[in-house]
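Chain IDs A, B, C and D follow the sequence of writing; residue 1 opens each chain.
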Amino acid sequence: MSEASPVKAYALHAGVIAFLFVLSFVLPAYYHGLLARILVLAVFAMGYNMLFGYVGLLSLGHAMFFSVGLYGAGLAVIHLGWSVPLAFLGGIACGAALAVVIGLLALRTTGVAFMIVTMMFAQVFYLVILYFASWTGGDQGMVVPQPARVLTFGATSLDLTDPTVRYMTALVLFSVVLLITLAIVRSRYGRVLVAIRENEERTRMLGYNTFSNKLAAIVVSGAICAASGAAYALLFGYVGSSFASVQYSILPLLWVLLGGAATTLGPLIGTLFMYYVTDVTSAYTSAYLLIVGIALIALVLFFPKGILGSLRQRWLGWLP
Amino acid sequence: MTDKNGFFDLSTTGLTRRTALKGLAAGAGLAVAPGFVRYAQAQSSAPIKIGFQSHRTGIGAAYGRWYEKTTAAAVKAINAAGGINGRQVEVIIEDDGTDPGRGAEMVGKFATQHKTDIVFGTLFSHVVIGSAPAAGENKMPYFVVSEGHHVASTKLNRYVFQPGITDVKSQIQSMAPWIAGNVGKKVTMIYPDFAFGYDHRDYLPPALKAQGADVIAQIAIPPTESSFTKYFPQIPAETEVIYHVMVGPAVLTFVKELGEFYGSNRPQLFGFIDSLEATDINSPGLEFLDGSHFWEGSPRYAQPDDSDAQKAYRAAVGIDDNGAAVGDAKDVSTAAHMFGCWETLYVVKKAMEDAGYKGPEDRAKLVEATEALTAFAEGPEHPQGPKTFNGKIHQCFGIQNISKVEGGKLKVVHKTKIEDGLYEAEGDYTTQAL
Amino acid sequence: MHFGPHLLLAALEGLVTSAVLALTALGLSLVFGVMRVVNVAHGEFFMLGAVLAWAITTAIGGHPALGFLAALVISPLIVGGIALVAERLVLRRLDYNPEATIVATIGMLYIIQQLALTFYGPEARPVEPPFTYRILLPWFGYSGYKLSVIATSALLLVATWLVLTRTRIGLVMRATQYDSETAQAFGIPVDRVYGGVFALGAVLAAIAAVLIVPISQAHYLMGQDPLLLSFIVVIIGGLGSLRGTIVAALLIGMSDGIISMFFSPTLAKIIATLLVAMVLVFRPQGLFGTAAR
Amino acid sequence: MTPLLTTKGLSRDFGGLRAVDNVDFTLMPGEIRAVIGPNGAGKTTFVSLLSGRIRPSGGMIVFDGADITELPEYARVRKGIAYTFQITSIYANLSVYANVALPAQLTQRHGHSPSAVQGAVMDALERVGLADQAAMLAGQLSYGHQRLLEVAMGLALKPRLLILDEPTQGLADSEIDNFIALVREIAASATVLLIEHNMPVVMQLADRITVFNMGSILAEGTPEAVRQNAAVQEAYLGSAP
């Protein structure tokens, strides 16, 4: 199965990226702007999926990785005057560093304890943001000044606040992370991660250091989520503590479960679907949370493997 | 590739469906969404569309509802008097969930989907700050009714205005002389441990110092706290005044527990009514507040010396003499803040008329026209009182009320002067490009 | 205030927090222990209990004690009934799969919260305590009702303990918790036990909420903090350990009050959360549990 | 010739119970060694200590001249000690191919080409006769085939020592014959340590037999010698049902 039809898989991914590229020219302004945001958040979901979908580690604290990237990049611009690329890399580095620390501690636990420990570390991170309000802006957050949000290449400069530039930047980030995910999933390392999810002890007895592999997965996951957060700060110009709250730890879980855990495109589909449902229902009733709630229950009752997971199970076995 | 089309169909069908609905609405004159308030379209010209960013869900929901009521009343009054530039006003409401991320999305939605002329009405500071970049990027005039100091701090951008309600820094500054002169000179502050509280933490001590009074203790309480008694021992015994500014659903508990702690033998109390907005002052447990003082932006209870404008405003919004909804005495309004929605809309009207505003292409002119305003006279358009407006920092300054709790009502005992609350501008938005 | 009275006050406050927390967490712990279900909607059952208490006391009127007692009985029953329906309609059909139930209970959380917002409204509404008696200590006054909450909660915990250890129902529950397959083989209707336990968990949360609502008002978002704290208590106390849950509730409740005597409250919360996380990392079975099976 | 594996004073306690008691054991390269003994004699604990699944309470283990007592299990696997589980422990949700690819890619890490991994996987699957089922989900295999898959996973590690824990348990007689042939073939390239209850299998395969009883080695020798050993007979007849 895993060796089957790589051509089809690559073609599909290239097709999705091409399709998203074309969409930039045909979508009306509102959906264009919304999709740029969804692409950035889908990266967050992909980072989450790396750990939850492929390694089977259910974290309830990924808001901290998203927001460490958000603050890492945002505060570097606000307080240190860093340029956009430097701040972006800084955000990712913060995410990777935090992930190493959290991984070393949290991986001592498994199952429900892992869920709760990650949730508590995220809570600590959230409170730390509030505690250092003079630096972070506390619960109000801070604006990343518009003039600083420019990508400069020699003589040319790209204004990240321009809708097309923003969309294309988001698409580049999304595509790179999507292809990285695909490469990891199809690699030897990806096979080890899935093996850990399926049967950790057996994997150790086949010669793999499962702890270091899981740690590496957390770092990759944390770095991807931080990249999403950093991009969010730089593209949308706001850093705030609400992105570190429990809600933002649950959201990627929902997106991934909806789209299909352990599928490369599932995170995008899930994020898209969730935004779509919210957007449509909120136009008709302010009680859209009710409909989101019902949709969630219906999905787990009737499509327990998520949208792509169910497709893969029934028809498209080759889907990566 | 069929599967790919399959899942992207989601957005495309949605798109066509929405577009179709929009067409239907425009064609048949139907209201398709709640909050899509429509008025008889007598004019030949299209209505002016105001995007209302409302806290319908999330922690701000109690405020959002009254902000909507006041806005609806103001729009009704404006339309009845001929609208703005002869065009009717239409309000389109989107819920931001009291979340900054979603707030920014909604500003984008107003700009690109609803194509509103302005965005208006945000209360919670973090939503304002989170949405401000989106307003600036979309070059969308964004009129907030938040009372935070964020607009006047000039940390946001040229498209963000707060012309309908005085900011908290000014409010605090104008309270200090009265507190020092009438209540006591040794003040202990109790405030929420987040940005709203920090404004009080930072601005009150210097303001009191200037009046010869002192803050002798500052007690910050986390916003999620649901019980407060354990903090009270930190109040120094020599305290003459407890200055409290708690907000959120647990404030009633705060006052009740303070009552249990002190009994009748308490220091003087001075509070910001933010604590008890939308809450009946006669709720069980609040007897303890009798005789204490509150800041009020606009008085909740009808006062004997109310102007005709104030009376007309109260009638239009539908609140009775006790500040509750007409017909439902339990539904207490957020009177101290919501007047800002009314007044802001009239500022928008004035600025649009000054600018000769025709449509979104004139948004820059609207910004400049707003910045050119300097004062608003008391009257039906500004029932809370006269105000000055500083176009460089996009902030208005008005009088403040100090009310005493007497016999289960709030009675205004002092009105500050506008000058009491003026401070040095921290920057200048007008130097920014449009 | 001097250190001694300050400590006394912090301890009293801690006890009230602990008492309510113990009941709430016990509900979560039972569901968690017996069914292996992480009920994210547990806090919403708590909220529902408080909101219903407001509705019931308002409807009955008269002397506050009358309405309160009615609420104390009726509100948990309604909440339990709702939980039972949710369990039958959703959780059972998911076969109690851990991940699916998390998503489903998140869905329930949204639904219950939205319904409360729609029908009850966004305001915080007070419920009058059944009696108002202020106990006057030399250094400060204290609410008599709060002390009665501690006592009531203690009584209910003892009652629950008796049911769990001394009755057939308790035996059946413990057998199911220990090994549901074997229990099934011995003729225990595991399916019905699950339904009952889920309802019981919700009932305990609702009782806790009715007790606390005269102290801190009913509000549609009030379920979030109890959920988080209950999780912490259940984990620290060890899965399905009644004694552990109570000791952990005491520990968390008291430390919350006492740590905040020495540090700024936010810093106190950071330290406390970090400490609990470290306990979990280095003693994942909880402080009082035995190693996981 | 130097021994492939030796243990000195190897012990393991569980609570108050001494499951493995001061065992000195030597295994020569290339042999097929069977470990037998009554239930509870400590056989599985002993091989678990060798593979590193559990830690010894005392004593040392030397593999190929190096002390591996403190090495974690995955490092021992990389040194060439492969272990197949007594209770089948395959990845039921993955394909048969993926099950074997995991160990195969470990030994092919320097070849690094996907085709090298593929070759190693198919080679291992052909040796156990599962090549045709490569695309199936492992969980859908019959029990006997799952046992063979276990062995294939061990083979793909290209071990120097393959530990088989009751490999014929649950196999049909016809499958056992094939299995005996398979182990003989494996023994050409690896040392085999076999825990087995099925005496005919042991007698056919083993070069030498080690008999465990009560956590210690009761006897050791050629099949013939062990069969004649009075102590062994007593242990078996005394405890066997």
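Descriptive notes on the structure:
Operating definition for what follows: a residue touches a chain if its C-beta (ideal position, glycine included) is under 8 Å from a C-beta of that chain, and two chains touch if they have at least 3 such contacts.
All values reported here derive from a predicted model rather than from experimental measurement.
Any chain that touches chain B and also touches chain D is listed here: A.
Ranked by how close its mean Cα position lies to the mean of all protein Cα atoms, the top chain is A.
With centres taken as mean Cα positions, chain C sits 36 Å from chain B.
Note on chain placement: the centre of chain A and the centre of chain C lie 33 Å apart, centres being C-alpha means. Each chain gets a centre from the mean of its Cα atoms; for chain A and chain D, those two points are 43 Å apart.
Chain D has no residue in contact with two or more other chains. Multi-chain contact residues of chain A (touching two or more other chains): 130, 289. Residue positions of chain B touching 2 or more other chains, listed in rising order: 57, 193.
Under the touch rule stated earlier, the contacting chain pairs are A-B, A-C, A-D, B-C.
Those residues of chain C that touch chain B in the complex are listed here as 1, 5-6, 9-10, 12-14, 16-17, 64, 114, 117, 121-124, 126, 128-129, 134, 136, 140-143, 215-217, 219-222, 225, 257, 260-261, 264-266, 269. Of all the residues in chain B, the ones that touch chain C in their complex are 57-59, 61-62, 64-65, 193, 220-222, 224-227, 229-234, 237, 249-253, 256-257, 260-263, 278-279, 283-285.
Per the touch definition, chain A reaches chain B in the complex via residues 12, 15-16, 19, 28-35, 37, 130, 133, 137-144, 146, 161, 236-238, 240-243, 269, 272-273, 276, 279-280, 282-286, 288-289, 307-308, 311, 316.
Chain A makes touch with chain C in their complex at residues 58, 105-106, 108-110, 112-113, 115-117, 119-121, 123-124, 127-128, 130-131, 246, 250, 253-254, 257, 287, 289-290, 292-297, 299-301, 304.
Across the interface of their complex, chain A is touched by residues 1, 3-4, 7-8, 10-11, 14-15, 18, 32-35, 56-57, 94-95, 99-101, 104-105, 108-109, 111-113, 125-126, 129-130, 132-134, 136-137, 148, 150, 155-157, 193-195, 198, 223 of chain B.
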